[in-house]
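Labels run A, B and C following the written order; every chain starts at residue 1.
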Amino acid sequence: MKLKALGMLAGAAAMSIASFAANAAELNVPSLVYRTGPYASGGIPLADGFADYFTMINERDGGIGGLKVKVEECETGYKTDRGVECYDRTKEGALVYGPYSTGIAYALIEKMTADKIPLLTMGYGRTTAADGTVFPYVFNFPSTYWNQATAIFNFMGGELGGMDQLKGKRVAYIYLDHPYGKEPIPTLDKLVEKYGFTYDKYPVAPASMTEQKSIWLQIRKTKPDYIVMWGWGAMRETAVKEATNIRYDMSKFIGNWWSAGEEVATPTGERAKGYRAATFNGVGMDYPLYDDMKKYVYDAGKASGDGSKAGTVLYNRAVVNAAYIHETIKLAQEMSGKADISGEDMQKAMEQLDLDAADVKAMGMTGLLPPVKVTCANHEGQNPAVLIQEWTGSEFKIVTDWIPADTAMTRPLIESDAAAYAKEQGITPRSCS
Amino acid sequence: MFYREAGDFKTSYAADQSILSIKLDRYFVIGLIAFGVIVVPMIGNDYWLGSLLIPVLVLSIAALGLNILTGYAGQLSLGTGAFMATGAYMAYKVATNLAFLGAPVAIIIGGLSAAFAGVLFGLPSLRIKGFYLAVTTLAAQFFLLWLFTHVDWFVNYSISGVPSIPPMEFFGVLISGAEATTEARYLFVLGFAIILGLAARNLARCKMGRGWMAIRDMDIAAEIIGIDPLKAKLSAFAISSFYCGVAGALWAFCFINTVEPGAYDINRSFQILFMVIIGGLGSILGSFLGAAFIVLLPIFLNNAPQWIGLNLTSDVISHMEIMIFGALIVFFLIVEPHGLARLWQIAKEKLRRWPFPY
Amino acid sequence: MEFLYSIFVTPFVEMWTAPEFLAEVVLGGLMSGIMYSLVALGFVLIFKASGVFNFAQGVMVLFAALNFVGLIDAGLPIVVALIATILIMVALAFAIERVVLRNLVNQEHIILFMATIGIAYFLEGLGEMIWGGDVRPLNIGLPDDVWFVGDILIQQSEVFAAAVAGSLVIALSLFFQYTRTGRALRAVADDHQAALSVGIPLNHIWIVVWAVAGLVALVAGIMWGSKFWVQFSLSTIALKALPVLILGGFTSIPGAIIGGLIIGAGEKVAEVFWGAAYGGAIEEWFAYVLALIFLFFRPQGLFGEKIIERV
């Protein structure tokens, strides 16, 4: 009897959690964050930017289509099991998720597809999810790791004066020994085939990210022409510092877009001058959007966190992520003809998302947010290009124009891997025509 | 008054040797199992079943495994996570390449592989003891995880090394993959937990289990009275690792749906050690109680501010969560170093005497 | 065949052809080893005096460094911040003794070990709650450049850390050898009961030991912090110190230093010359395997006290 009562109580408690999320008069956009733990230095600006953007929308426009946006944060600590728990806790009526963790993204792909909630892994997660026929509910625009890798090599080729100059060059690839860091390796192998350079792999163990001495000793010996880094957490700062210690030419050291935050180079400061990183969003606060952010959020004292992260690279990236979601919600409301949309409506709208330069200008984000066009079959957008930014000693400056990726090379790879996945999972790819 | 052994007569050897020889205990356990199998899936929702009860049950199995090794055989191990990983990766390998065997067989093969790894890394225990042994089991922890992340064969050459578990059926019901209902996954895990729990209880009181306890209490003395330390220690490592391996496979198959190295890292090993200590060393029930406590407490602490209407930011909540968690661990160790199982025992004694305590 | 070749032939050829590179790797490894030793020292101190395997030592390093850098960033002069941090660490030792250890007297080792993990969680949360999760540079004027001796690269910060570690060991030995408290500490380490019976106050001794371990943690925190900044991942260096401990023996201060040197040099040489054959990152487990092999021959560590077993 007692136990049954306990069960009832537990059931009631569960209901109450569910009812928290199911307040229908709001647009529910849960935010899985990691403001603690070893990856917090990247997680904090991402969480702040996402929250601040929607605070601004709620204050300025009174929400979207008359409904307030509710951003409920759930702390994952970059751990997969806590991420799954957070998802289950917040999924009632949720419109979209972006966990900023490749591990969590992988664990959620099938669950979210079954629950019909879109997963927007903006520039991370499973690259092959770009194939919308196999992964209808997973999106990774504006670009993927594989395309980023090809774009970085295109940049090197441009710098050397032609892709044929890559032949015989030696590249060091330093990466976090984690699903995330391994993701681009197949592309690198393809690039090696095509351009005839060689590369050495240097994994950094997640348990001891600051312990890179042996890697840099080897780099001192092999003297690679370029270093490419796929880093996250403390390994990025350490790598930049170690590179300056061995007097490596920083302009040959290129990070990927998650190694692009200020926190990577600030500790080393002036000495890291010349360090480059790929990115797909603008830097700084020199955009019309920030006038509104300032007016409605910062000056009103409503900034998330301590407010010191505004305008940093990762903060801006989260703002871009939020803006994409904002536009998708608007489109979904338009398409479904109702304000209170569901995850399914969100998915339909996301497949139709088409932001051209004029739209971006209207959002006040020209140069901050890359234009994007998503289709049913192509979930990474039609323009998977990157920018290269350079550390001036105190801030990042964008130094190149958009560098196109080699989609002709990556697309077949994406499709064949997606097909292999579909076979293993017993999925019949849907038709997009 | 409520709990009585008196008057519970046994008339046959079989009755005397049954796992739960006291009638009330038997009724209680049967009732509990019936409740878990029938009532819980009916009243539980997705969140409670899928995100709370499944991980609790899976980690209970791992805690049972570690309890066999540490609680019964006295060998301290910090390599639990690695043995779980062995089970998970091998079960995945079998499930994808020999799919016709079905999920339970794949999971059991995962467990057996873990047992093999356990014996291998248990060999040093013949010479090394105490904390020295604990630190050497860390060699297993780091080496095995490194092996699984660096040898692509284990993940079928999947690109990022995080393969998804294919949907698998058990008697026509899906128990893995996203399409599997939470209830099916829960019942599947519960089935393993019940069988392995009863098996552990039986093992602990057979000849082998008595050998473990003798080794735990004093290994030299045990050796003198004729218990082979080689056999006792290695069998403890093997069976313990088998349990961990099954737990690791279930974690991947029925909970997170991918095989991910991060799920089996050193923190997992510590977490399971916590379960065993907080639950009670050398107690089967304690493994379940400890797992429930250690899994649910942080989630409860994380949810509590919202329930009582406190509006804290997520980082403050998680800092509080980890602080209170640490403090409560210390508190529990001080108040009841023998664990939750001991509290249960005290409760039983109280119930026996109530309402006339002396 | 090629695989065997890459294990048994190529590395030695590489070493032979580039001896100055081998020297650099060994030297770099020794220096890293010293950094591990600094953390291991704290473990040894506490284990020696109270038999507690203090897993919180790594987090104490983080906590001390966080407080120090936080106070400096708050505008305090370095000396004041240093004194304040020392006071905090002493207060922490006091609190741990009062709240935790005193209540766990006579419990099994494993219970005490678990309690220190609880302490570790608590400190981790507390430190992050007060000072935040950002990476904080620690600039207190320690040398942070490199020297090139011929073609060999030497990091000044590590030479400095080696000097500090050396003086720390000398200071600690003097303290143990010649002061009243030091003698009492040694007595406690030898035999708790006997020490109690001759009137040595056990509780005071524990406070002293934990405070000293706190100071060692602070020194380690400053060394690591000025090299790689103060950040959350500092707490994981405890894992790097563990193989050093088993190699050197839980109870030996010189063992911690020598163990650190062996582990540091061993894992770097293994990673640089053999790592590539296995896909890298083998130093993750190499230290443990190395320690394991040593233990087969000396189950009490290199310098540990001989284990005597009685029935």
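Observations on the structure shown:
To be clear about the criterion, contacts are C-beta pairs under 8 Å (C-beta built on N, C-alpha and C of every residue); 3 or more make two chains touch, one makes a residue touch a chain.
For clarity, every value in this text was computed on a predicted model and none was experimentally measured.
Note on interfaces A-C and B-C: more C-beta pairs are in contact across B-C.
Comparing the CA-atom centres of all chains against that of chain C, the greatest distance is found for A.
Our note on geometry: chain A versus chain C, Cα centroid distance of 37 Å, whole angstroms. Taking the mean of the C-alpha atoms as each chain's centre, chain B and chain C sit 32 Å apart. Touching two or more other chains at once are residues 128, 133, 239, 279-281, 284 of chain C.
Residues of chain A in contact with two or more other chains: 35-36, 44, 177, 203, 205, 207. Residue positions of chain B touching 2 or more other chains: 142, 146, 150, 266, 315, 319, 322. Taken in their complex, chain A has these residues touching chain B: 3-4, 7-8, 10-11, 13-18, 20, 33, 35-36, 44, 47, 73-75, 77, 79-81, 84-85, 88-89, 102-103, 106-107, 109-111, 113-114, 126-128, 177-180, 182-183, 185-186, 203, 205-207, 304-305, 417, 421, 424-426.
Of all the residues in chain C, the ones that touch chain A in their complex are 18, 21, 24-25, 28-29, 32, 128, 132-135, 137, 145-146, 153, 155, 224, 228-229, 231-234, 236-237, 239-240, 267-268, 271-272, 275-276, 279-281, 283-284. The touching residues of chain B, when paired with chain A in their complex, are 31-32, 35, 39-40, 43-48, 50-52, 55, 96, 142, 146, 149-150, 159-164, 166-167, 177-179, 255-258, 260-263, 265-266, 299, 302-303, 306-307, 313-315, 317-319, 322. The touching residues of chain B, counted against chain C in their complex, run 70, 76, 124, 127-132, 135-136, 138-139, 142-143, 146, 150, 218, 220-221, 224, 266, 270, 273-274, 277, 281, 315-316, 319-323, 325-330, 333-334, 337.
Residues 53, 99-100, 103-104, 107-111, 113-115, 117-126, 128-129, 133, 239, 242-243, 245-246, 250, 278-282, 284-285, 288-289, 291-292, 295-296, 299-301, 307, 309, 311 of chain C touch chain B in their complex.
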